[in-house]
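One chain, chain A, links the two complexes that follow: it is found with chain B in the first and with chain C in the second.
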Partner chain A sequence: MFLQRRVRFAYVLILPSLLMITLLSVVPIVEGVIVSVQNQNMLRGNPTAFVGLTHYLRALTDEPLFWPSLAKTLYWTAGSVAGAYLVALGLALLLNMEIWGRGLFRALFLIPWVIPDVCTALLWKWAYGDEFGVINFLLAKFGLIGSPITWLSNPNIAMPAVIVVQIWKLYPVMFITLLAALQNVPKELFEAATIDGANMGQRFRYVTFPAIRSTSIIITLLASIWTFQAFDIVYLLTGGGPAGATKILPTLVYDKAFWGSEMGYAAAIAMLMLVCLLVISVAYLLVYRSQAEAA
Partner chain B sequence: MTGGIGINRRQTLALAMGGLFALTCDEEASAQGTTTLTFWTVRLNTPELSAALKQILADFEKENPGIKIKHEPVSGNLVYPKFMAAMRGQTMPDVAEAYSYHPLQFAAADQMEPMDDIIAEWDKNGYLADIFSEFAYKKFFWKGNYWGVPYNLDIRPIYYRKDLLDAKGIKPPRTWDEFQAAAIALNDPANGVFGVVYPAGDFHIAQHFYMSFMFQAGGSILDKDGNLVFGTTAKDANVKALTFLTDLATKYKVTPPGIASYNTDDPHTLYVQGRAAFGFGTGEVISRLMKENPALFDKTGILEVLEGPAGPSGKLSAAFYNPMFVWKYSPAKEQAKTFIRWFVQPGRLERLYLAAPGRHWPIFKRDINTDRVKNNRLLSEALEKVVPYSTDFAYPGFGRPEMGVIDGEKMFAGPVNQVVVGAKTPEKAVLDAHEAMKKVFSS
Partner chain C sequence: MQRKPTFLGLPLTYRTMIWFLAVYALLIVAVVAILFPVFWMASSSLKPQSELFARNLTMLPVNWSLENYRNVWLGTDFPIYFVNSFKVAAITTALSVAISIYAAYAIARIRFPGRYAYGLLLLVTQMFPHILLVIPMFIIMQRMGLLNTHAALIIAYTSFSLPFTIWMLRGFFEAIPQELEEAAAIDGASQLTAFHKVILPLAGPGLAAVTMFGFIRSWNEFLFALVFMQSHDLFTLPIGLASFQEEYTFRWDLLMAGAGIVTLPVLFFFLLMQRFIVQGLLGGAVKG
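What follows is the complex of A and B.
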């Protein structure tokens, strides 16, 4: 009876959060599913007409941009998360050491995180400019290039260029999380490993990395989810170009929904994105669990 | 009893009901006295334009004491999400000004109030005959009704450096061939000056300039009956226009190397910095020159609309007659129309035109012959050489809601971008774009 009352009390305590999550997450998803099986084409009448899986079939079989955009989204996500993780890990390892100005650097490295995405995009668009961009200016000044690199207008370079921007945007949150995880690793472990003759690489491989693995898994999973659905940086930097080289799924959904007036079709693509994210997340966690069990 | 406060539940309920009643009464009383119209603006939101608009709205309220205007600026990037959300939630503004094809798209979604009565009045009082191009209002005609009325004009001129042309003894070009030859002759990247700069990024602005060349080659997107002809009967002309435009970058290399990422501001900035002999831009370049580089203002001219393969009949320039429209389910439709009738009149928006010279143009011919234009050489040149030849997307037909999608999804900016980066040939780009457009018409 006591336990039941405690459980009831616990439910009362989490009720406000549950209601908020339902309102902010569950309701929009359900609404999205409903819209995705309706006509919802602003150019045609009867918007709420039920069309079943028509939009899903069209996206999967008749949309020339869907599969290329999915491939680019995966590229964009993997490149951004991997790059941001490596930068964040490197910085976290460095600033976990007793070095001068550590506190100042920790604060400075967080700056990209607090800059709004729109400002980030404009800042980098300026930096990447072929005629007045600071990157080309510096490269030319140091004699590294003879003519400006067209960062955002060369289909082969544009995606790596926007990935760099996303890495810049993403690494601070990963950095601060990894730094927190590193600070929880007992110093005695390093001392023991050193006494046993482990070098720096071995200490990282057998002591540091296992200790931060679960944090790494969680933060890279979260970063993957954020990046998979990130929209503004790519849209503002390239608009999806050049020649569709940076056309990721969120920009496709935006174009179809708001410029193409096809809310139902766009909702179907968004739902397919959600399925992709779920598949990636589940696969990721399964791999993590099997590795954890093996360890 | 509720401990400490001293009122019970019934009293609380009575108080709440009383409060609600009082609020309702207040609202009704206000509704009987004054109507408040929500007015969304998309293109009048810069600080200087907003300030000018505020004064215009104050004048309206003074002359129409029964109507108040609640002005709400809408960001250009968020215009579609905002309107879509408003439509779904049935919280559309009573009256709005926005992009070219909004009224037709919203009409297709059964959200627009026909504006035929205002068009009929304009026909009687001579306003229609006074508008520069009949396509200014014809583009809002669909399924037997006009769904919007034009209120301003947004032009797409080509600016040129008089001093550079003079130095080489070149006359301002009037034809495609002359333009190409001049751009090649004036290209001098070693000294920081490109022959020509235009936007070829995957952004809406890229298609505006392509459209001008399309018309000049005798092409179009729709025919006069509103049928899609982009990749069929108009294909050859449209390919010719695309080839001419993109050759400047790919074959003659007289543009900056990065134009495939350029949006509206990039060519403006390069031209205003003195980095191009010819610059494609909006009317905003005029105010930027005045503000940022007055010395270059004096060295700048505006080209007469070029004559292409279609000859004099195709001497046209893409432009946008931007609309105002009224929400069908507004409780104050008549007051909204009263506002539009007052707002769109010769002389009424002079403050806007003064606030940002060149960015907005009046739609009425009689509004042009003002000191503001006479005293500004570039405005006069644009008036003489560009405005009379400005026509809109729907040319040579009437509007269709599908054009909003074709424009919105940048279906003819894509070809410019694809050809400039070498991803497609002009013919393939036009045919692929046509297939995409066909799907919009048949979806």
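What follows is the complex of A and C.
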């Protein structure tokens, strides 16, 4: 009787959150599926007319927008996540040592994480400026470049340039997670490896890395999911330009939905994005399982 | 046996001293490189226009002044955006914390059927791409007549922050020994009273961290504000600042001061609470 009362009590406690999450996350997904098979063109025709898979077919076969955009999104995601992981791992390894001021360095390295996206975009845009940008100024001062680089308006450079910003934004979460994992590696393991004559590279390969492998896989998976759907930085820095060079899927969806008034088509592309995310997640988890079995 | 002095678990020798210096050199280079854009924003926001658009840039302002901040605050709609952002973030945070503490307590302490499924729901909904949710939510808000209102933002932000606030709070509650609560229950307090009088005060720092983190996330949010809001007098800071960028394209003096105003509060509160925020995110796995 007491247990039953406690269980009932638990349901009462979680009910408000359950309602809100269902109404505002689960219902919209369902609504999104519905929109994606309806006309939903704000400008012409009956907006709720059923059109079946028309939008999906248009995205996948007719219009040369989805596939190039997906390729750019994969480039953007892979570049950002790989870069952020390397920065994060390097900093985490440095701060895993028991040195004075560790807490201060840790706090400083987390700062980019909380800077609002709009400010991140603005301050990088200012630093990337062609004529008065500080990056060109410093590069010229040290004699590394002869003429200013047009970071955000050159179609070949814009994508690496926005990836750098995303790395800056993304690495802190990976860093703090890897640092936590490193701190859980028993110190005795290192000592034993050192006594056995392992050098630094060997200690990393055979002691450190195996200990943080599962954390690494999980955090790169999460970072990939976040970056694949990230909108703010690219939208604010380049708006998808120049000449569509940084037109990743989230900016394509936004443009179609809120500038092109094609909600149905945009929702279909967004659904395809969700499918890609599921594929990425499943692929990662399969890798994770095979790694775990091998270990 | 006498122990030799050690450093980083290694004997203290010239070689390890050089190591030690190398590590610090690397750390300092990393801090400078990473924080340079933020430093540059701060420095630029204190410079007059003539120093911003100069052939020879100086790292620090030559004639520094708060003039740009004054111009943004007194000459534009910035105070309105600031108040709007504060209002939306404060109500969102209050609502989500009020709902979350009970839900978090339930999954931390009560083994009820469906507990696992509920936890899974919290994890999965956090993964939903916002760009996917924003289209149907725009349509739903339009249907309900809530477009271009702060209510739309508050509802959306609350639903997004619930999963992670519940998740973080659960960790903090689980760290509190269950015996304390049982003792209170034996003393005749009801479950809720025991929770309010014993657990909540003990979870104080965790609660403060979750509150702060939730506030920062609402304060920073851009996409939903961009899509839902149309009237300038209802804009929050992120979209206000973005609209600035179109209006004052070359006024980097105003833009940098504006960015400074948006960043400062979150930076201050984050640095104040970062230890607890990190602890909450990682379930206490990180040490000093």
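By definition in this document, the second predicted complex is superposed on the first by the 272 of 295 C-alpha atoms of A that agree within 3 Å, B and C clash if a C-alpha of one lies under 4 Å from a C-alpha of the other, contacts with A are read in each partner's own complex, and residues count from 1 in each chain.
One rule holds for everything that comes next: contacts are C-beta pairs under 8 Å (C-beta built on N, C-alpha and C of every residue); 3 or more make two chains touch, one makes a residue touch a chain.
All of these numbers come straight from a predicted model, not from anything done at the bench.
Overlaying the two complexes via chain A brings chain B and chain C into a clash.
Judged by the touch definition given at the top, the superposed model places A:Leu108 against chain C, while chain B stays out of reach. With both structures placed on the common chain, the touch criterion links A:Phe132 to chain B and to chain C.
Residue contacts after overlaying the shared chain place A:Phe258 against chain B and chain C alike.
Among chain B and chain C, the chain that touches a larger number of residues in chain A is C.
Of the two partner chains, chain C is the only one touched by A:Leu122; chain B is not. Of the two partner chains, chain B is the only one touched by A:Ala243; chain C is not. When the two structures are aligned on the shared chain, A:Leu170 is found in touch with neither chain B nor chain C. Only one segment of chain B in 26-34, 80-88 or 332-340 runs into chain C in the superposed model, and that segment is 80-88. Residues 132, 257-258, 263 of chain A lie at the contact with chain B in one complex and at the contact with chain C in the other.
Residue ranges on chain C touching chain A, taken from their complex, read 8-9, 20, 23-24, 26-27, 30-31, 34-35, 37-38, 40-41, 44, 52-54, 57, 99-100, 102-103, 105-107, 110, 112-113, 115, 118, 121-122, 125, 127-140, 155-156, 158-160, 162-163, 166, 191, 216, 219-220, 222-223, 227, 237-239, 241-242, 245, 252, 255-256, 259, 262-263, 266-267, 270-271, 274-275, 278, 281-282, 285-288. The residues of chain A lying in touch with chain B in their complex are 41-45, 47, 64, 128-132, 147-148, 150-155, 158, 238-244, 255-263. Of all residues in chain A, those touching chain C in their complex are 6-7, 9-11, 13-14, 16-18, 20-21, 23-29, 31-32, 35, 90-91, 94-95, 97-99, 102-103, 105-112, 114-119, 122-124, 126-127, 132, 134, 137, 168, 176-177, 179-181, 183-184, 187, 190-191, 225, 228-229, 231-232, 236, 249-250, 253-254, 257-258, 263, 266-267, 270-271, 273-274, 277.
The touching residues of chain B, when paired with chain A in their complex, are 80-81, 84, 87, 105-106, 108-110, 200-203, 256-263, 266, 269-270, 273, 275, 401-402, 404-405, 408-410, 414, 417-418, 420-421, 423-424, 436, 440, 443.
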